[in-house]
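Can you read through this structure? Questions will come right after.
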């Protein structure tokens, strides 16, 4: 079910085993070839596809689209929430529904820059409400293996406005891909864990081999992510158990 | 122009006299007859209608939909940002674009509970960045006079899921109005400025005379708000001047 | 009763239906003709007049005089609390007395710049302590109708160091009015909800028609505000009820 | 000069060597014999006496009366700001005047519970504005030596609603002293630096030998504190220098 | 060089290309067989070994040992900083030295629970000080490949008080390993990104195959991590460049 | 017992009358003759000496070494936590162990700049957890009387890198004293409570008569502090009572 369209008595009538799905995205530059809302578009599209398959097990909230994107702020049109603001928003959304009796929450993330913050926010919530069942993951985690197989460029993972992400957008919203602007970009980083702005490590904001993107690759990655999430969320719904 | 669909070079090419429009809404109970996303739907629809008329003067951001709705939290499905989280998000959105050279911002609000917070956030920004041109208003301010004329029930202003708001939804998203659930509701408050929860002062979450709503009233109010905003935003664009 | 003068056993002996009255003011420029403490002086004077009439129903706290006045900071002698600091102070005062069993609180405000903040603070308190009875209002709300009648200048409401406010000071503290400095000032703002500093929209800090002020107008406005507040606070004391 | 009574042009005309004096007090229980505003009354009275002597060197602000009094909250009528709220208020007052060119600030404190917080706030300000000249002290520091001489009870320092403080109130505001309620109270603490509530270490809220208080002792202590402060503030005004 | 032992003139004389190394650890339960300070001990030992090899390129600070360990708090003796407190401490340490002209910082982390927080803190710093060169990594990242080879149990990575971590402690501080208490523990988690407490997913606090640990394995992992870090830090010192 | 070396079952087995000892120090310049870790070294050494004498009554945590040292930041190598960060860390350490049933805490401080902050943090904790037994003191409080007797220079108290502190370091860690750099330094401050940076009131960072330091003086002061603390902590352990 999609929360936005429901009335409160309809929400009130839901089974409390329902898994609340919260998509998180961003509004940040994606090079000259993808729109700034790309991460939000993809996290939403994947989440809605999951909802289309197992809607009876899910309460899908609107997308928290104002991500943590300070590393993109040199590029016009990028919006970034503060770290504190992002943290508050995610916690507030979950605490609101927790008050109504929901206790299973899974965040489907479309923006790598949100990952650490999703982790911190959920850990803070767990501390406050130990009985909550909380999880978060990039949708891209669920198609990481397929990336290594499908991608033709040397980067075998989702990066940013890259072969994988452009492919996904060609599948989901081809009207928003500027095909004439596709370009490969991005420098390699020789030391693990360095913190860089995108204007330090790209020429025009993308990382990876966008010129190799195709809608067909996008469809395969998309379907893989949806299938994996359908499976994971179904486990959470059914009564997820820590294994022996 | 709609920011979400643009690439960063496209945003970068915009004239910096462009007025940034930020819609603010909520995800909160609207009685048994309207969906929880009503305020966000209406603020977005009005803003998009303004953009459709004078798009060349406007950069329209995605809607900040996670409003301050703690007074509705007793009703399932209501989400409320914390006061601090709401404040951070609005300020961060504006500061991001300020960094890119935009300096005219107008917030179009769809939820009364955000009004004080929009005021506080913009005043804090003004303190930090005195040269910004900042304003905020409910879209409903722009059709307040017409309300007094159009509404047939005793409440002559927009309240909550009332004659006016249901009429607007009948005009904008009739598919989401539960016509069979329409009801009049809400108690009167004998002292100015009292702080109440909606479960204290309504039976099922709405205030006003929803049973009197019609799509035609909605169209009139909607068009009036849009016209007023088109005029106001055009003033800001043209080089708004404080009068003598 | 006035809290400042009481001992703790005397406070402890009070009926817990007693309404706690908290005046909020400011210390900010009021043009060349009124002292910076004007808002605090007036909020205090009105509150004390209410207390003089129905002291047995009221516990009057000292005035929270450090208001939110960042829009006046260009003028020497203006002090402004931070938004966060103002919020903390008001909440802390109420939470302290809540701990002692008081549960009815009404804030009498003398400074427009505090209004949004009073709203936010009381809503946060209501969320934490749902059983509190909380309200806030400018004293000027209670004489707004009379303003339209009494004021001779084109501005028919209380603005800032204007015909109404100077009149009130001529009634309450004539020794502090610089009659030789009275002046009309202030520009009109063509778009609703714009955020401006007072140095942007006035020449010397006042808005309105101070030259038309008289002590007699002040007395009428003052008495009207006091009467309205006596009535409102008495309702809160007696067992205020939401109407049908 | 007293800030509250001044207009902004009058403040603007002041010499910027003027020392800003900020009294800090509390609104907290003082046993059955003194009113809750005692600390604020005394800090204000001392500050005004200093101003009466060397007013041309001083800009005296209104008293920050909402102190940090959580250790007194068990007693009805005690108000306590949060630690954060107190910190914000003091810093905001100073930063406001710093913006107007004042740079010499001295806090005259009337409440021991504010001491650590005054220290923290001023150190934070010094970090932000290294050129500020900042100091704080209890007025009681300036009569500490005389206490040892004047007080007859075994406690040879100012404690709380004690011989010294009651004496001061007998001198300053005898109408507010409940002479028939005077009592000795308070337990001794065998380990340095223990954190206690007043309901843990007193019977009725006072510490020390209030029954020994006299107005004459109060006058001597008061005058000593005023003289010491006049001297100290004059040094700050004249161009205070760190000694060799 | 080790900062703790140096005087300020000695620090002042250092070349500003020096890489500041900040070890981060924890004080949290490590099962019945390892002491609570394990993560701090290992992060410190690795960092000191790096310093022993290339001390002239490094300024090694004391270890930030109060980690983010809320997921371990059910076990006595575990200390956890708040998320905010951890963030402040790391940022403050770096900003202090940044003020002295150092601009290359690398955090060597010994506790997985700090990883997200190190990321957030460094990103916030980068936003404030864009010219800083900032990086962070678990020391365990540098021996991850060798883990897959060396470890005999089914878990092929460092977990918590596991085969790898106990081996490392057998190498570094064998006196602190309770060999008679070694045990295998920990449940598997069927969905990625779930947030769990250690009392939910272990019996006695450890995860992995501690019974298989040996000092020899520990030495190999330790040396591998040190070698990798020596190489990485040397790159940062020499003038680390983003690759083509 | 020393917490760092213990396992959680060992901590779990402790008597809850055990007094938790938390040393607090700093990492800040101590002139040209002492290392930056001096305050942490001394607070730790004193605490360990107390533990060596009455270890069965004590749980000694690692030292919170990142103190509040903003007044030393002009000198390279000084690290200062923010006021907020210091506050969070101390509260978090205590709240963690409070969760495990410990309720007696005593902070042994080695840095004057932490004193106000220790006071504020413990008062905040006391408000949250009224049943905690909380105290804090500089170790130097316990040898203050002896200072007046032992010190030969005109300063009869511990200042900073002075006769007393250098003497203590000569006793505890003579290898870290730069004897050839010892110097007397520091200006006198003619007004109580002034807030100064160390670069304003010293030439090279120390205050007092370091040239008069001897290891023997250090031993006497050290032993006196240890004895006093052993006595105080034993009282807390035994069932400390407020005296009549």
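Worth a mention:
Here the chain labels run A, B, C, D, E and F in written order, and each chain numbers its own residues starting at 1.
FYI, contacts are C-beta pairs under 8 Å (C-beta built on N, C-alpha and C of every residue); 3 or more make two chains touch, one makes a residue touch a chain.
Owing to the predicted nature of the structure, the values given are computational and were not obtained by experimental measurement.
Graph distance from subunit B to subunit D, where chains that touch are one step apart, equals 2.
Using the contact threshold fixed earlier, the set of chains in contact with both subunit D and subunit F is empty. Between the two copies, subunit A and subunit F, the Cα superposition rotates by 120°, quoted to the nearest 5. Over half of the residue numbers at the interface between copies subunit A and subunit E are found on both sides, making the touching surfaces mostly the same. Separating the CA-averaged centres of subunit B and subunit E is a span of 48 Å. Subunit C and subunit D, compared by their mean Cα positions, are separated by 27 Å.
Of all residues in subunit A, those that touch two or more other chains are 73.
Ring order of the chains (start subunit B, then subunit C) is B, C, D, F, E, A.
The residues of subunit B lying in touch with subunit A in their complex are 3-12, 14, 27, 29-37, 40, 61-62, 64-66, 73, 75-82, 84-85, 87-89, 91-93, 96-97, 99-101, 176, 178, 181, 204-205.
Residues of subunit A that touch subunit E in their complex: 68, 70-71, 73, 83, 106-107, 115-117, 119-120, 122-127, 130, 133-137, 141-142, 187-197, 200-201, 232, 235-236, 240-244.
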